[in-house]
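Multiple structures follow.
Okay, so subunit A shows up in both of these, paired with subunit B first and subunit C after.
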Partner chain A sequence: MKGDRLLRGFLYGYLGLVFIFIFAPIVFSIIFSFNSDRFPTIPLGSFTLRWYETIWQDPDVWEAARTSLIVSLSVAFMATFLGFTTAYTDYRYRFKLKPLYLALILLPPTIPLIIMALAMLAWFAKIGLSGKVLSIIIAHTVLTAPFAMAIIRLRLSQMDASLEAAAWNLGADQWRALRRVIIPFCRPAIISSFCLTAAVSFDEFAIAWFISGLNKTIPVIILEIVTGNIDPQVNAIGSFVFLTSMTLVIIAQVVLMTRQKKEKGNHG
Partner chain B sequence: MAEALVEFDNVVKRFGDFTAVETMNFNINEGEFIAIMGPSGCGKTTTLRMLAGLEEPSEGEIRLQGQVMNTVPPHERDTPMVWQSLALFPFLNARENVEFGLQMRGVDAATRRRKALEWLDRLEIGEFAERDISSLSGGQKQRVALARSLVTEPKILLLDEPLSALDANLVIRMQSMLTRLQRELGITFVYVTHSQSEAFAMADRVVIMSRGHIAQIGTPKDIYRAPANRFVAEFVGRNNIISGKVTSGKGKTVTLEGSLGVFTVDLGDNPKPAVGDAGSFVIAADLVHLSVARPKAANTIECSLISEEFIGSVVTLFLEAPDGSEFKVQIQERELADMDLKHMGKVYVSWASGRAHYIGAG
Partner chain C sequence: MTQGRPETETPGRFVRLDVFKYSLRLPIIIWQALFFIAPLMFMVAMSFFIVRNYRMTEAFVMKNWLKMMGRDYFWDSYVLTFGLATLATVVVMTVAFPAAYTLAFRVSETTRRWAVFLLIIPFFTSYLVRIFSWYVILAESGVINAMLGFIGLGPFVMLNTKFGTIIGYMTLTLPLVIILQTFSLANIDRSLVEAAHNLGCRPWRTIYRVILPLARTGLIIAAVFCFILSFGDFVSPYYLGGSKPPTLPILIVDTVKSGQQWPRAAVVAVVMMVTLFIVAFGGIAAAYRRRVS
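And now, the complex of A and B:
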C-alpha cells in the first residue's frame, strides 16, 4: 500500500516535471512579452503592450503573417485532399504495387528536415520555382500529407465495411456514395487533419528558411529578429504563433474525440 | 401459378482458385419467403451478394423478372438489403437514414419526409424519427434498417442474417414481425441465415447449401421429414442415420442389413436400388419408440443409455448402439418420468418402417 503511494507520488512528480520543461519556456515567453524591460530579467518591470504595438506597426511582420496564412491554408487544403484520396484508395482498392504506393506517401516524415530542405531548394532552383510562395506550399504539402493520410486512414478503418455497399444498394452510384457517405463519415478526421496540417505548416521553420527567399514566413522572420539583437518583440510574435498553433491543434483533438465518444455510446 | 421473379441459371462464382458457388440452378417465386441456409462458408451470402450486384457471377445468368442482371451495377437494381451489421449511416438520424434511398431516386423533400415517417410509424418507431442512430436499441436499429430498405417499395428484399446480433427473445419477436410484414406487403423476401429455427419459422421454402452446392430445396416440413441426403439429414434436426447393404426389395420397401441388424424401409420416391447396393436411411429422433421391454416390432435396436439433455418439455436421450455408434431419441419429459431409466441401463428403440426415410447410398 505504502509502496503504491510512493510510486504514484513519484510518477505524478515525473509527469509534473515533463510539463514544466515543455511549458515553462512558453509561459516565460508569454510573460516577458508583456514586460517593459528590454532584457528578460527578474524582477519584472511594469506591464506593457509596447512590443505588441511594435510588431503591429512592422510591415515586415505583416507581410510574413500574410504569407504564413496563405501558405498554411493552401497546405491544409492540398495535404488534406491528398491524404483523403490516398487513404480512400488504400481502403477501397487492392493492387499490386500498393506497398510502394503507400511507402511513397508515408516516406517524407522519415527524411531529415535539413536534407529535405536542401533537396527542395536544389530542385526548385532547377525548375525555376525558387523563392516563390508556391514553392513553400508544395514543400509543406509534401511534408504534411502523410499526417493527413494517417488521420483519415484511421477513421476509415473504424467504418463498417458494409456502409459504402449499403449506399450503392440504396441507389447511390460511386460518386454519390463517396459524397454522401464516405466523406460525411470521415468529416471529423478531415476537419482535424485540416487543422493539424495548417498548424504544422504555420510552425515549420527549416524548410521555409531554406526555400522562402523573399517571401518570409513568421518563423523565418522570428529568427531574423533574434539574430539582429535581443528584442522582446520575439516574445510577442512567439506568443501569437503559439496561440494560433495550439488553437488549431486543440480544435483538431476536440473534433476527433467528441465524434469517437458519441460512437462509443453506440455500442453500450 | 406463382411466377419466377428471380432465376439462377447455371450460376458459378469463383474467387481466384476458390469456388464459392457451383452451378446453381433455382428460381425464387414472386411473393415468396425463401430462406437460404447452411453452415458458414457454404456460399449463401455470396449468392445474396450476387443478387444485389455486389458480386458478379463468373459463369451463368441471374435474371430478375426475365432480365439478365449479371453486369447491372448495384445502384441500378432495386434489390435493397438488410445487412448483418445493419450498416445504418451513423451521421444521419433515423428518419434521414430511411430517406436516403428515396433521395437517391430523386424524390422531393416533402414526399421523402412523409414516406419515411409513414414507414417508421408502421414499424412502431415513429417516436424515434429524429433520434441519432447511436441512441437507439438493437431492436429499434433493426426496424430503422428495415424501414430504410422497404421505403422504396421494392419487389424483393434481401436479408443477410439480420437477427444474428439480437438476443433470443427479441429474435422471436422480430421473426413474427418479419413474417407478418412479408404477408402484408406480398413482396419476395430472400433471407440468408445459419439458424434452422429462423429459417423454418419464417420461410415458405428453404434452400440448404453446402460447399457452394444446393443440397436440397423444399418446404421446411419436407426438409425436416424427408432430407434428401446425408448432409441435410445431419445438418437439420436430430436425425439418426443408419447404413447397410440392400438384401432384398419388395414393392415400395427394401430390406437393409448393417452392423446394427436388419431393417425394412419405405423407398418413398427413391428409385429402387439393386440387391447388394449400399444404402442408408434416416430415422428422426422424435419418431422413435422407446421401451424397457423388448418390443415385437421388426426394426429394433438394443441400446444403453449414456446421457440426457433436458430442454423443457422435450428431453433428448443419447444412447449407445451395440456397434458403438450414437443413437438419439427425443421424447416428452413426462413420458420419460414414467419410465424409470438407469444410467447405462438397457433400452430398446423401435420404429415402424414407414417412419424411416430412405436416402440412397449418400
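And now, the complex of A and C:
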C-alpha cells in the first residue's frame, strides 16, 4: 500500500526529529566545550582545550569533585542496601500494611525536588545536621533508594522460589540462604543499582544546592557558574559529568544484559 | 505457600521474634520515617512558625498563610505555574504520541529496546548543562537564529519567553513521557488493533476508538508525571523563561536564598503539594474509572 509507506516514512522522519530535539543540547554542549568562543554560535570558532584547562586548575572544582565522589559512592551503598532489604521483603512476605510500606519507599521521586530541598534544609537545621556532607548523603539516599528497590525487585521476580526453599530444606538457616542463594542471584541487579544510584546522586543539584552549605558538589558548582554569567567552563564540567554518568550507566546495562543472555543460553 | 518456608507467624501460639524478618523490614521504615516523612511534616509545621529578628521561632500562627494568600503576586505566580505546567503537559503528550506510536507499532522489538535505552541517557546527563546549552542555542545570536539568518529570517526572540520555558520543560519531560507512552501502547493486545483494521476501521479512527481507550491508564500516568515535573521545576522558567513573573518554585528559591523567611517558602511548598495531590488523585481516578459506553 502506497499510503502506508508514506505514513511510515513520515513517522520515521518524525521520530528522528524528536531524537534530534532530545540530543541536541547534549551534543551541542560537548561541541561548545571545545569551542574557543565565549558565546558560541554558527559558524563555530576554533578548537581549544582552554575550558578544560581552566577547570583542571580550579581548586574549587577539585574539592567539589572529591565531595561528589564521596557523596555518590556512599549514596550508592546506602540506597542499594535499603533497596535490597525492601525488595526482598516485598518478594517474600505478605502483610497487612504492605501497600503503605511500599508507598513509603516509592513516593520520594514523585515529590518535586525543590519541595524536598526545602523540607530537608529545615529538618537538618532542626536536628543539627545542616551543611554537612552527611546531610547530602542522607537526602540523596532517600531520593535514590526507590530506583535501587525497583531494579532489585525486578531481578527477584525472575527467581525460582524453590531455590531458596531448597537451601532451607538442606539445612541452611535464613541468613545463610540469603547470603548464599539470594544475594548471588541478585548480584547483577545489585551492581547496576549501585551504578545507577551513584549516577543519579552525581547529577542532583536542587537538594544539594539547598543543603550543602560549604561542601559544594559538582552540580552545585555548575549552578553557581550558570547563575553568574555565560561561561563555557560549564560545558567542560558538564562533559566530564556526562562521561562519568554514562560510564556508570553503561556498566549497569552491560552487567544486566550479559547475565540475562547467559541465563537464556543455559536454558536453551 | 512453598514448602519449607520457616514462617513463624502462627496465631494463638507463642510467637518467636523473627530477627531475620524484622532486620530486613525495619531499616527502610526507620530511615524513611526519619528522613522522608519527618522533613515533610516539619515543613508543614514550619509554615506556622514566626520569624523574629531574622531568627525562626517555633510557634503556631496563621500570619505566613494570611500574608502569602493575601498577596496578588502569589496568585499571579500560582496561575502562571499551573498554566505553564498544563500547557507543557498538553504539548509534550501531543509531541510524544506519534513517536511512541511509531516505537510501539512500527519498529522491531530490538529497535524499540535500543530506542528506550537512548531515551534513558538524558536522565543521566546534567539537566542544568542541557538547559545552559539551550540558552546558548536559543539566544538572539545563537545557533538557531544564525541558521535562520542564512535563509534571511529572524532573529527571533526565544529566551525570556514562555516559549523558552516550554522548551525547557520538554527537555526535562519528553524522554520520560515517550518511554511511558511507548510501554502503555506496546502492552495493548495487538489482535484488537488488527481486528479494527480488518473490519475496515481507518487508522485515525483506530487510534481514537481503539488504541487511546485501551492505553488510557498508562497515558494518564505519563501526563501526571509530566505535570508534576514541570510544576516543580525552577530551572527552565528561571534560565529560559526569564522568571518574570516568578513561578512557584522560583518563589521558593528566592524566599529561601534571600533571607530567613523559610516559613513563607513553606507556605508555597505546602500549596504546591496540595495542588499536586489533587492533580495526581484526579488523574489516577480518571485512569482507573470504569469505561462508560
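A few comments on the model shown:
As a working rule, the second predicted complex is superposed on the first by the 263 of 268 C-alpha atoms of A that agree within 3 Å, B and C clash if a C-alpha of one lies under 4 Å from a C-alpha of the other, contacts with A are read in each partner's own complex, and residues count from 1 in each chain.
FYI, a contact is a pair of C-beta atoms (placed from the backbone, for glycine too) under 8 Å apart; a residue touches a chain by one contact, two chains touch by 3 or more.
As the structure is a prediction and not an experimental result, all values here were calculated from the model.
When the two structures are aligned on the shared chain, A:S36 is found in touch with neither subunit B nor subunit C. By the touch criterion stated above, A:D160 is placed in contact with subunit B alone, subunit C being left untouched.
Looking at the shared chain after the overlay, A:F19 reaches subunit C, while subunit B stays out of its contact range.
In the superposed model, more residues of subunit A are touched by C than by the other of subunit B and subunit C.
When the two structures are aligned on the shared chain, A:V181 is found in touch with subunit B, with no touch to subunit C. Within the superposed three-chain model, A:G171 lies in touch with subunit B and out of touch with subunit C [touch as defined at top].
Residue overlap on subunit A between its contacts with subunit B in one complex and with subunit C in the other: 161-162, 165-166, 168-169. Subunit C makes touch with subunit A in their complex at residues 2-6, 20-21, 23-25, 27-29, 31-32, 35-40, 42-43, 46, 95-96, 98-99, 101-103, 106, 115, 117-137, 139, 141-143, 146-147, 170-171, 174-175, 178, 203, 225, 228-229, 231-234, 239, 249, 252-253, 256, 262, 265-266, 269, 272-273, 276, 280.
Those residues of subunit A lying in contact with subunit B across their complex are 160-163, 165-173, 176-177, 180-181, 184-185, 187, 262-263, 265-266. For subunit B in complex with subunit A, the residues that touch the partner chain are 52-54, 73-75, 79-81, 83-85, 87, 89-92, 100-101, 104-105, 132-135, 148-149, 152.
Residues 7-8, 11-12, 14-15, 18-19, 21-26, 28-29, 32, 39-43, 81-82, 85-86, 88-89, 93, 101, 104-105, 107-108, 110-116, 118-124, 126, 138-139, 141-142, 145, 161-162, 165-166, 168-169, 174-175, 178, 199-200, 203, 205-206, 210, 219, 222-223, 226, 230, 234-235, 237-238, 241-242, 245-246, 248-249, 253 of subunit A touch subunit C in their complex.
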